[in-house]
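Heads up, there are several structures right after this.
Next come two complexes, and both contain chain A; in the first it sits with chain B, in the second with chain C.
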Partner chain A sequence: MLEVTIIYGFINSIILALIALGFSLTFGISGVSNFAYGAMYIMAGYAVWIMINLIGLPFPVAAILAVIFTALFGLALYRLVLLRVRGMVISEVIATFGVGLAILELFRYLGFTGFEYTLPVFTDGSLMIGDTYIDHQRLWIVGIGISLALGLYLFTRYTKTGLAFRGIAQDEQTALSLGINSDRVAGLSVAFGSGLAAIAAILILPRGTISVNEGYDVLINAMAVCIIGGLGSTVGVIVASFMIGYAQMITDAFSGPHWKMIVSLVAILIILLVKPSGLFGKQKELEERI
Partner chain B sequence: MLQISNLMVFYENALALNDFSMKVEKGQIVAVIGSNSAGKTTLMNTVSGLIIDTKIKEQRKGGERITLYGKIVFDGKDITELHPSERVKEGLVLCRERHPIFPESDLVENLRIAGYLRKRSEVSSTIEYVFDLFPTLLRLKTRKAGFLSGGEQQMLTIGMALMVKPKLLLLDEPLLGLSPIMQKTLVDAILKIRKEAGLTIVVTEQFARPILPVIDHGYVVENGMLSLDGPGLELMENPEVKAAYFGV
Partner chain C sequence: MALHGGNVKHKRRERIDRGIKVRSDDIFALTSYREFLYVSVPPVAPVILLLALPLILPLYWQKVLITTSVFAILALSWDFLVTVGMVSLGQALFFGIGAYLAGYLDIRFALPIWTTIPLATLVGGLLSAILLLPVLRLRGVYFSMVTLVLPLMFERTIEATGWFGGTEGLTGLKSFPNIWIECYLIVIALLLVFFGLRRLVTTDYGLVLTAIKNNDRAVMSGGINIYWMKAQALFITGSIGAFCGAFMTHVYSFVGMPVFALDYSILPLASAVVGGMGTFAGSLLGAFILVPLSEALRGIGGLRTVIYAVSLVVFIVAIPEGIFHYVQRKYQQFERWAEVEN
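Right after this comes the complex of A and B.
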């Protein structure tokens, strides 16, 4: 029992980190809180499903195309909507949340609900660690999740675009005066965040069916992790993911899966009361943001 | 190399620069002297184009606050409407006032971010050049830039601008708040980069004393207007300049 909680708590934490990574990245760089994030996650899931089942593409091709497509969608969202309201926090939140709402409810309206909407696992099978069964997909999630976090760390420190990300996250005008086109880089950061949402979806969704409602849960979880960790802080994302991840597992073990979502919501409330800028947050204006 | 003609800048109805013209030849060090709110930063932001970015951002939000008139020609090209990031590519680089750096990144990372437009190999050789120019920075390599002193940050900002390999370097009050020794270090560095990198430099200051001896030409601005200009040594002898910009 304890072993199961430890192992599944770990996996659950990585899943949360994976979900929050893109949301946090975009915010940390361009200051844009992308509330269409959950919708993009679900959209990527349906996109893969459509490409496999209606167009007949092989899964790997569909997965890659879905990531590219979602990233481009993020870029378009930035170019067409966010660019004009950037810096006006309330407008950003309303605009992105509105877009997210429209996407999710459109899928519901078009009848994308039911048990047939599932994505394939990467590889079938399972593994024993001690007395605990773990299916391959969860191992993929852990492996790719950790590699992505590491890759992202290296990317922002050793590549031109990554360094430009760090530059405009800290001081946009200074970056601009060094020839870094801040509008373009901010657009890229939204595209990157959206692409990460798609990767998370393709990894995580095979565990169940794709449903519109999960889009809202994903947004809530991403927000919970980011609010607790401190918006824009990568260390914060990791620490908060493990805190919520294990809290959810323990709640699950003692009172059933129904209470899992409550953990995120209660955690948001507690942290906003105790330390509104989050555990590792530097963003003082968080109170205004959410 | 740089020709500014009849520049006018309005913030709402306030005139920050009034019919301002100046000229900089290749290889010169030119100073713009003026007291607080004379319009020095406005001039620098207009030449570097940052003001255009501010204007665009304000327009997106529905405000029409900044109005520009006049013409800026750099290297024979009219850049009046050019986006600031494009001007940097042309070789026109500004070090903004109060030494802005990336506080969360360490010193070397600041330089590497600044090398955005350059090739990887050029980045590392220019970093070495910067450490050559400011040996003090070498032992602070891994220090977070936010924890550097004002003088160290100022050296770093100049180093960051050099990473871009500019043709014309604009320095907005680089000596502000520094000790006489640090001022001398920076003035020497300015002379050195002109000589070694063949740079042209425009520098603004409130106090004329440390900078006038090394400049080729100086412009004095009052309330956004050009009040007089001339070679550095000539300005040094000018009693009005002495009274207003030499401190006590």
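Right after this comes the complex of A and C.
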């Protein structure tokens, strides 16, 4: 029992981190709201499903195309919607939230619900650690999740683009004066974040059926991880994922799966009460607090 | 501009107040019926229309009027919160708290309607304010995030624990004696909230609230406790939302998990944005356009939310001022092309 909780808690934490990475890259690191994040996650899932089942592409091709497609969609979202309201926080939030809502509810209206909407796993099979079964898909999730988190950490510290992402969030004026085209960088950041959402979807969705409601859950989980970890901190994302991941597993084990979702919501409220800038948040700590 | 050579005339659009507006701005200058009507028709006509509507509408559309008014009140409360600088993505929170409170008071203590609604209004406002206290110390999108999350959290909690009837909801609650009372209660409440809030933001108290949005540090340096002010604003909004919830509970004689649904969050928001934020009249107008429209389009079912969401995005990106501000401008000003001096 304990062993299962520990192992599955670990996997659950990596899943949360994977979900939150893209949101954190866009919102946390570059300071651009993307409340359509959950919708993009679900959209990527359906895109892969459509390409496999209706067009007949092989899974790897469909997966890669879906990631590219979602990233391009993110770029388009920035160019067509966000660019026009950039800097007005209220409008940014409402506009992206509206786009996400429209996508999700459109899928619901088109009838994309049911048990046939599943994605294939990468490799079939399972593994035993002690007495616990782990299927290969979860191992893939852990492997790719860890490498992506590491990649993001290095990317935001040692590449010019990554530094530019952090630059526009810290001080857009200074970034501009140092030759960073903030509109281009912000667009890239939304595109990268969307791409990461697609990767997360392709890895995680094979565990169950694709459902529209999961889009809202993904957004909430991603938000919870980012708020708790602190904006702009990759380490924060990882630590917060593990905290929420294990907390969810423990509540799941002791009081039933219904309570799982409530954990992240309660965690947000507690962290905002105790340490509003998040565990590792340094960026704009002063400007966001009053 | 000399670069392009020649005498390129550049023009810009100039807006000038109409004479009648200038003359009637000051009440002492009203000299004719025309000016009097110019001033009085815009505020008075909607009031008369609202009071007359229950009398002329058939039963089905009376029901639509009730829902529209409820959404209009929610939109007004959303607009008020924006005036103080807090953007809520979950009016359903206030609505749902009120609805469940009224239902619970009815079932548990068998109180009459005339007690449950006021009680739910006050306690609901208080609960909402307390729940959102942690977020008040933060600027930016945190408030939106938390208000988006809270209604979902309540929905899940009720589903998980089975409190307050769980997924079944509370049924068999008391209802209003007849539809006339329902109609007039909500219409009068709508007018009270509308004119009350419009009045409130022009008082000194409202001035402080607006100032918090514009420059919170300046308000703090004026020696005013902005958290306390924000908490009061939340109480006002929460009470208004809770009243709507409590009212709808007794209209349907039922309260269940749908009261925390996204509809109650997104529709008021869309109404306020489509109508135009910041004046309250815009929210009212928006609700009276969107809700009956969606009722007329009932056949398309689930596509309604998509339409709200899309109109929300289109308006916020392309026409951020909203319908009301556009109409107001046309009413008060005329435009002409004026040459720009180089």
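Side notes on the structure shown:
Just so we're on the same page, the second predicted complex is superposed on the first by the 281 of 290 C-alpha atoms of A that agree within 3 Å, B and C clash if a C-alpha of one lies under 4 Å from a C-alpha of the other, contacts with A are read in each partner's own complex, and residues count from 1 in each chain.
Quick note on the criterion: a contact is a pair of C-beta atoms (placed from the backbone, for glycine too) under 8 Å apart; a residue touches a chain by one contact, two chains touch by 3 or more.
For clarity, every value in this text was computed on a predicted model and none was experimentally measured.
In the superposed model, A:84 lies in contact with both chain B and chain C. When the two complexes are overlaid on their common chain A, residue A:223 makes contact with chain C while staying clear of chain B. Shared-chain residue A:93: touches chain C; no touch with chain B.
More residues of chain A lie in contact with C than with the other chain of the pair chain B and chain C. Using the contact criterion defined above for the overlaid structures, shared-chain residue A:160 touches chain B, although it does not reach chain C.
In the superposition on chain A, A:174 makes contact with chain B only, not with chain C. Shared interface residues of chain A (contacting chain B in one complex, chain C in the other): 84-85. Chain C makes touch with chain A in their complex at residues 82, 87, 89, 134-135, 137-142, 144-146, 148-150, 152-153, 156-157, 159-161, 216-217, 220, 226, 262, 266, 269, 273, 301-303, 305-306, 308-310, 312-313, 316-318, 320. By the touch criterion given at the top, residues 33, 80-81, 84-85, 89-91, 93-95, 97-99, 101-102, 105-106, 108-109, 216, 220, 223-224, 227, 256, 258-259, 261-262, 265-266, 268-269, 272-273, 276, 287-290 of chain A touch chain C in their complex. Residues of chain A touching chain B in their complex: 83-88, 157, 160, 163-164, 166-167, 170-171, 173-182.
Interface residues of chain B facing chain A in the complex, by the touch rule stated above, are 48, 50, 53, 57, 60-61, 83-85, 88-89, 93-96, 100-105, 109, 112-114, 116-117, 160-161, 163-164.
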